[in-house]
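Chain nomenclature is as follows: A, B, C, D and E, assigned in order of appearance, with residue numbering initiated at 1 for each chain independently.
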Amino acid sequence: MSALESEIDPDATPEPKLQISHLDAYFNDRHVVRDITLSVPQRRVTAIIGPSGCGKSTFLRCLNRMHEHVPGARARGAVMLDGVDVYHPSINPARLRRHVGMVFQKPNPFPTMSIRDNVLAGHRLNGTHVDAPGELVERCLRQVALWDEVKDRLGRPGVSLSSGQQQRLCMARVLAVEPEVILLDEPSSALDPIATAHIEELIEELKERYTLVLVTHNLQQAARVSDYMAFFYLGNLVEFDRTDVIFTNPKESRTEDYLTGKFG
Amino acid sequence: MKRDLAAELRRPSALSERAGKLVFSLCAAASLVTTGGIVAVLLHQTIGFLQAVPFTRLLTDTHWTPLFAEPRFGLWPLLCGTLLTTGIAMMVAIPCGVLAAIYLSELAGERQRRIVKPLVELLAGIPTLIYGYFALSLVTPALQQIIPGLSGFNALSAGSVMGLMLLPVVASLSEDALSAVPTGLREASHALGVRRTATIFRVVIPSASPGIAAAVLLAASRALGATMIVAIAAGQQPQLTLDPRDSVETMTTYIAQVSLGDIPTGTLEYRTIFAVGLCLFMMTLVLNVIAHRLRRRIHRQERP
Amino acid sequence: GRPGGGAVVTADGSSTLYPLSEAVAEDLQRAHPTTRVTVGISGTDGGLQKLCAGDVDICAASRTIRPTEAQACDRAGITYVELPVAFDGIALVANRKNTWADHLTTAELRRIWEPAAEGRVSRWSDVRPGWPERPLRLFGAGVDSGTYDHFTHAIVGRMHASRSDYTSSEDDNLLVTGVTGDELALGFVGYAYHEQNRDRLKLIPIDDGDPSNGAGAISPTPDTITRGTYQPLSRLLFLYVSRRSLARPEVDSFVTFYLQHAADLAREVGLIPLPESAYTRARARVTSPTE
Amino acid sequence: MSAPVSGLPPDLPSAPASGRSSASSDDLRAPTAGAPVEQAFHAIGFLALLLPLLAFLVLFVSVLADAWPRLGWGFLSGIPSRKPQLAGILPALVGSASLMGLTALIAVPVGIGAAIYLEEYARRSRLTSLIELNISNLAGVPSIIYGLLGLEVFVRAMHLGRSLLAGALTLSLLLLPMVIMTSREALRSVPLSVREACHGLGADRFCMLRLVILPMCFPRMLTGIILALARAIGETAPLLTIGALTYVAFLPDSVHSAFSTLPLQIFAWISRPQTSFHENAAAGIVVLLAVMLLMNGFALWLRARLQRRLPG
Amino acid sequence: MSALESEIDPDATPEPKLQISHLDAYFNDRHVVRDITLSVPQRRVTAIIGPSGCGKSTFLRCLNRMHEHVPGARARGAVMLDGVDVYHPSINPARLRRHVGMVFQKPNPFPTMSIRDNVLAGHRLNGTHVDAPGELVERCLRQVALWDEVKDRLGRPGVSLSSGQQQRLCMARVLAVEPEVILLDEPSSALDPIATAHIEELIEELKERYTLVLVTHNLQQAARVSDYMAFFYLGNLVEFDRTDVIFTNPKESRTEDYLTGKFG
């Protein structure tokens, strides 16, 4: 782990994992994401911030084509995952989502499943075979630092956990399908401060192996965990830069106004 | 490596995915086939019927005696019977049903509602046959005490018991419509210092009116199609009358009566029941479609 | 395929004979629980049509088969055997509260039921002056029934000619219910239905004006019906059994059982049994392969 | 908790302002017009609600009183008879049960399938809204019309005669829209977040249905279907129309067998003028109501039980 | 207007309009507002802030006795409006609410009424006579800066407006019954930033003539529009003071933690 960590040089320019170009998204005739062009760097945390309703969630959901599940929703533009355009007609969106996983605002473990089955749910739902399910469960639960808390009650329902634990279980569930990118939509906004701290730690650890995109309302959180930051306003990308640069030296006045609480 | 990813992302879904969709869509098609079947069967026989009996005779004749030696095919007596029993039923069901719904949704306490609502829904599910027994063995004798000379089979008894049967239907559907009115509207009204009755009658009911109208239409459609009550208690004599004390024959009674007699296929008598059936189907279709539209309007209102 | 599978005996037809057929079916079922008999009420017309279409094994009839019906059977290749099983009289009934109608003459009956009466004879006072000026509500057999044929033939004089503004049903039960619930009602039903509802109906004697049958109005009773003095509304009731079905043992045993117990059961349900010799002759007809 | 803070900002005088009050206490106390109207309305509404409940109570008590002498083991285990005291409902009871079983076997899978298609697969389009309109209309088509359809298609065209199968096919068409509607409601009760979680894991729709959605909505679906069946069990008109009203004193032994049902037997008894048969009809009604109540109760119990096992 | 404005000296001590003392509120056995004592100053904006579920809305709804409309809800204590205890048994709550109006989180114009009728709803539904309804409509719609936008379509349904306009229509509806106090429960949280800005302007203007109590989740908003601020936590009033004092110099550490985003 520490060997890996030392590999990441904060100043080195990372390769892009996802390249978004001219992405537009609509709900029926409502244009909510407008012409976004952005490269998400590999093995970094990219935070997306902006006032409520500015299109952060919609943008995020375009990245793994979850957006199109909403009736009347439409997207246009290109999203390249390692150079493959995920919007190409030949792409199977279900397969794509196994590479680009997602964690939601509200913890949503499957209520009919035990903790163990929740972790394995991705494989079950994809119909893929797991060689050593026990090991996989343990590994994923350890990754989200939940193993010690639940190892004695893996057969209990996933919803019997506290909401902080549930959210970590949901992250373990995503990790189990071994995605390369993880999208997080306000993963801690429904949690108490202690659970939030847990999630943040986890994000820090995960970025050693995964590319993370995090939508958050909490500027402090964005400052704490992200390497890069994108500021959205009314569907537009106003500014995208390294987090420290954005906080210390934003180029756009609207970014500064937002960060200092003049609006939002 | 990148080519691998592209290939991986392009792999199609499992077979079960596509097969499932096909099977499920066939199931959904079954409902269309049912309607298609109903329309085809009714139309087919009705066309055969209309070839023998011109349509104008249905509308101009005032007698319905298709089985007699000199058959006459005026639809009006059956329509009259049907509309009479339906009208009486609605006169009982609408005021009581809507009032009960208002009470349940706006005035009753939480606990009262929790007990009474399922009970009302249970009542709505009681077989019509049982109400028929009720009409024949209890209500008619009671009414004969009040109205001397009332015939043993009569529209009044059948209609009012049908109203009683539909009352829970109207109440339950109207209650759904009333409780779908957002609490925000009631609160807004209260916050303007409006008293309760004014809030109910001028804010809540107008907002729920499409749903209440749908409830009324659905109940009317049920009344048109109700068979057992009228077959048991309203009689079997097609008469052009609007006197509720008379014995009448409804469209459903006629169909039931003839099919009990089991008339052989292909005869004109056999075809009459399909012609009457088509007429009934069209009447209920109109009511059902309007009710469906109205109810969709509520759902759309709820969403934003 | 045939309804009800192979082992079921299906009987249908006359409502007049239904009480007897039902009683036979029930007793056979109790005696031999493995037998399977269904009995329906389609009226004589409906039953005969079904018999000739091969839909049922046995048809009960309250009249003899008509030439047109016999031809239909022929065309379908169905041969049948006709078995008389009981006497019946069509009973004229009114409500118990009716205090005025002591008897009716055949002429009055004709005036009530002929086609020209429709819309004209609508009050009791139209039938006989002095009777109340209140509505006359009529109940009678449906046009598919043998009873209707016989009644119109005997009273109106022309088969199938009658007024149509009355409550008509193939099911005599419904007629009895109607008359029971309506003090202004007048109806005609099979004798058995009167017998089963004696305490609820008022029987109206008929004066046929023929002194040879006895003077004055005559009520239907087992005696007047058997002797034929209850005129013109006495008649015979028949079973028509498909020969092809008779080849099946269960049908054969049902018919045998029927003829064996018809006398007792007819008495029980309110019909009038034939002399014993008639049943013996009928049994002989069943077993004789010719005819 | 700490000591209650003073509610007063330091610069605010604590005494109420005098003289400047514009909300006169008289105005606040004035009664609003129509308070008696409100009370009267309350009473009328209550009566309107009480009316059907009372009517049903009267019905039930009178039926029970009529039925009382007949209710007993002999009634449940006997065959129909011309002698009212001997008559029983066993063939009708078994007929109803087999008819319902067969009907459920046909209608439930098709109905759930259709509901799944509409909720999970169909995109909003003209066709789907037509199907929706069609289903809601079918739910309101008079049951006797289904009888006509069954008569022409199953009894005559398919030569099934007045058999159990013909009856079950007819009733299953009648039941279908109800099953579809209650199944759709059940499917809709699965929160969006669960579906999103599945999609987020790259699930195939079919696996998602099988592993997540159906297990979650199963209790509701089952409850709804049992309630729909409890309604269908009282259906009489369509069976009359296909000509099933005959004297049947035996138990059905195959799907081609002739049959009787509880409502048909009750109807046959109601049609008889003799009061002693009306007592039988009343007893039959008590049994029918008991079956319905049992099914309703069972459905509620099942829901409570299955939902308890299913937290969240 | 400007004459009025100049009358308000921000440093002058305002008189109390509402005096709440020892107010408790319950949902069945759940004690959600605990022994609140507080004076709401006249012609000022008092903001109520606190984490979700701390009892802000419930407290607000106690002030015009809307709380008692919820089944199982109960309140105890005293609320004095200009010295009259509104919880006295002789008080008619319907009358009270014409003096203490309320605006809700979700815009809720009456869907069956036109824009004009929505404004007049308070009078129409109460059966009170309005001398010049046209003038009243115009005056109220002008007050909420909606007149120019809707004057040509007063007969159209109120729900045909955008949600920002709907919310202003709801405020006009309240103004039409001429209350003295207006309670606002997160009036802009369902609106987009531009509509929010409109509402905030409106609040600024209204405080010249009305006493306003504003519940908000948005600290920036509270800072921008309120004169006084009350911080609630778990049903208790933690701190109440002038807004500038609270932001610059909170007395309680919990207030400070909340304002700096440590929790909530």
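Criterion: a contact is a pair of C-beta atoms (placed from the backbone, for glycine too) under 8 Å apart; a residue touches a chain by one contact, two chains touch by 3 or more.
Quick caveat: nothing in here was measured; it's all calculated off a predicted structure.
Engineer: Could you find the two chains linked by the most C-beta contact pairs?
Structural biologist: So the chains sharing the most C-beta contacts are B-D.
Engineer: Closest chain to the protein CA centroid?
Structural biologist: D
Engineer: Take the average of all CA coordinates in chain A, do the same for chain C, and state the distance between these two points in whole angstrom.
Structural biologist: 85
Engineer: In whole angstrom, how far does the Cα centroid of chain A sit from the Cα centroid of chain D?
Structural biologist: Each chain reduced to its C-alpha mean, chain A and chain D end up 44 Å apart.
Engineer: Between chain B and chain E, tell me the centre distance in angstrom, where each centre is the average of that chain's C-alpha atoms.
Structural biologist: A distance of 47 Å separates the two centres.
Engineer: At least two partner chains per residue is the criterion; list those residues in chain E.
Structural biologist: 94-96, 126-127, in rising order.
Engineer: Where does chain B touch two or more other chains at once, residue-wise?
Structural biologist: Where chain B meets two or more other chains at a single residue, that happens at 13-14, 16, 136, 195, 198, 260, 262.
Engineer: Of all residues in chain D, which are in touch with two or more distinct other chains?
Structural biologist: 32-33, 204, 207, 243, 245, 271
Engineer: Looking at the complex, which residues from chain A come into contact with chain B?
Structural biologist: Against chain B, the touching part of chain A is residues 81-84, 86, 90-92, 94-96, 99, 127.
Engineer: Residues of chain A touching chain D in their complex?
Structural biologist: Going through chain A, the ones touching chain D are 64, 66, 69, 71-72, 94-99, 101-104, 106, 108-113, 121-122, 124-127, 157, 159-160, 170, 173-174, 177.
Engineer: Could you pull out which chain D residues touch chain E in their complex?
Structural biologist: 1, 4-14, 16-18, 20-23, 25, 27-33
Engineer: Which of the residues in chain B come into contact with chain E in the complex?
Structural biologist: Per the stated touch rule, the residues are 109-110, 182, 184-195, 198-199, 202-203, 206-207, 209, 301.
Engineer: Would you pull the chain D residues touching chain C in the complex into a rising list?
Structural biologist: The contact residues of chain D facing chain C are 79-82, 159-163, 243, 245-250, 254, 256-258, 271-274.
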